[in-house]
């Protein structure tokens, strides 16, 4: 299992973004568009200078938009995952 | 529904900015001009280092000006939306 | 009416800066010179990390100098206005 | 009258810096040298995050050195003035 | 023995990343992929402005992903090690 | 007399750095080397956000090393002086 | 004697890094590798905004790794020394 550190999250990118359950259509002009994917794991949050934890803004299982070029990709047990900062997550698709 | 995170907002850009109800005229020289649109959804606000929420400066339904190249565009249920930072919103048109 | 947000102000640029009531002469070499205009509307001010408002340093009606390339221009009800940050205003002409 | 804002000052640049009362000689190699001038007006100071005013480090009437390319030049009532940040003032000539 | 300072860690890079015990497959396209390795030593943590220590987010012996181009490589007693910042460590592989 | 402001100091650069009383030899390869000189005047120090003064780390009369390209040079009463930031002073030669 | 200021240290670089007592082998590919040397003198530490001293992380006599291109080199009493920031020191070799 991958355990993200501090304010990082693990996301499984939504490959066939053409048409998805929540009606998102990604046309070719969408190259610059934010990407979409599912939250697989969430870090504990960033430690503030005060020593308290800054809570995370997303939860495991949520479908989210994130900045197109954000994060670093790893391959783990045959699957590709993105390791992102919480700040790179733009919105939750409900 | 799209739920923006932290201090982000969802805006529906005002496509035919030529002449709008509030008398805004966008000429071709306006390419650099700020864009205009309507607030569709507003995030909870940014968490300060103190842990308190920094209130947002706009509300759902307001018509606003925002910096021309700000934000990231998504297409959701057939409509185009912009995901912007609260700081990119310049003024409210009342 | 345009309502500027946070620490922004709306300024009506002084087009014929050649000779104005307060004796300001802008020669061609003044291309790099700060611009001059009148404050039309003033935002509430920036929220500090403490949550208090940072008061603005200008008032509606004041004639001011501001950095030449600062701000973003909009056209509203047939008039051109600049949306500036409070910090871009250099001095008040009294 | 020009009233500088926040931590800004108005300076009248010392044009004939060749030889001045305080014995400053500016040779051609001095193009990169700091400029010299007289303080005409002083702003109230910068507001700290705490809301208190940060006092200014110069006073009206003082002769000062300031960084060569700092500030913005205006022409007011036929005279040229520089609007500088307090931090750009390097030293007072006593 | 190498003792990392402040918020630094010593990592032994996992050379044959082709197939490892935790099933990570690094294909050639993985040149940009984060690297993987084992934590050999952990610094005491960064001192906050308050003077308190900011705890580290990893422990000796953990297998981790870290940003591809992060850190500086040293050779010590015939082995190569990387000296990284705690922030460059993305996730722990459990 | 030159009175430096805030955390600035006035230094008289040591021109003939070939051989000086404290045995410093500056060879041609030393073009990038830090410069050496004597502290002539010391500012009051920088005001912290708390309003307290940050004490200076050098005193008048001390021989010091400073970063090669730091500061701004002035000519005052026929002598050349450097106006430096306290932070540009690297070490005191005792 | 050289007295480093604030959070600076004086290091004597380890010239013949080929083989040293602690078994460090620096091959030609090590051009980018961190450098190694001995701590000769340690500054008092950086003053925090609170006015307290931030303690240093190294002591005189310790053998250390430091970032390859960090610091400024001086020649003093016939010997070459590096003046580095405490932050540039990566690890202590024990």
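Per-chain residue numbering starts at 1, and chain names A, B, C, D, E, F and G are given in the order in which the chains are listed.
Following the convention adopted for this analysis, a residue touches a chain if its C-beta (ideal position, glycine included) is under 8 Å from a C-beta of that chain, and two chains touch if they have at least 3 such contacts.
Fair warning: this is a prediction, and the values are worked out from it, not measured in the lab.
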Those chains which touch subunit G and also touch subunit D: F
Intercentroid distance (Cα basis), subunit C paired with subunit B, Å: 23
Separation of mean Cα positions, subunit C and subunit A [Å, integer]: 41
Separation of subunit A from subunit D, taking each centre as the mean of its C-alpha atoms, in whole Å: 51
Sequence positions of subunit F contacting 2 or more other chains: 49-50
Starting from subunit A, with subunit E taken as the next chain, the full ring order: A, E, G, F, D, C, B
Interfacial residue positions of subunit D with respect to subunit C in the complex: 1-6, 8, 10, 47, 49-51, 72-78, 83
Sites on subunit D touched by subunit F in the complex: 22-27, 30, 32-34, 48-50, 52, 54-55, 57-58, 65, 67-68, 87, 89-94
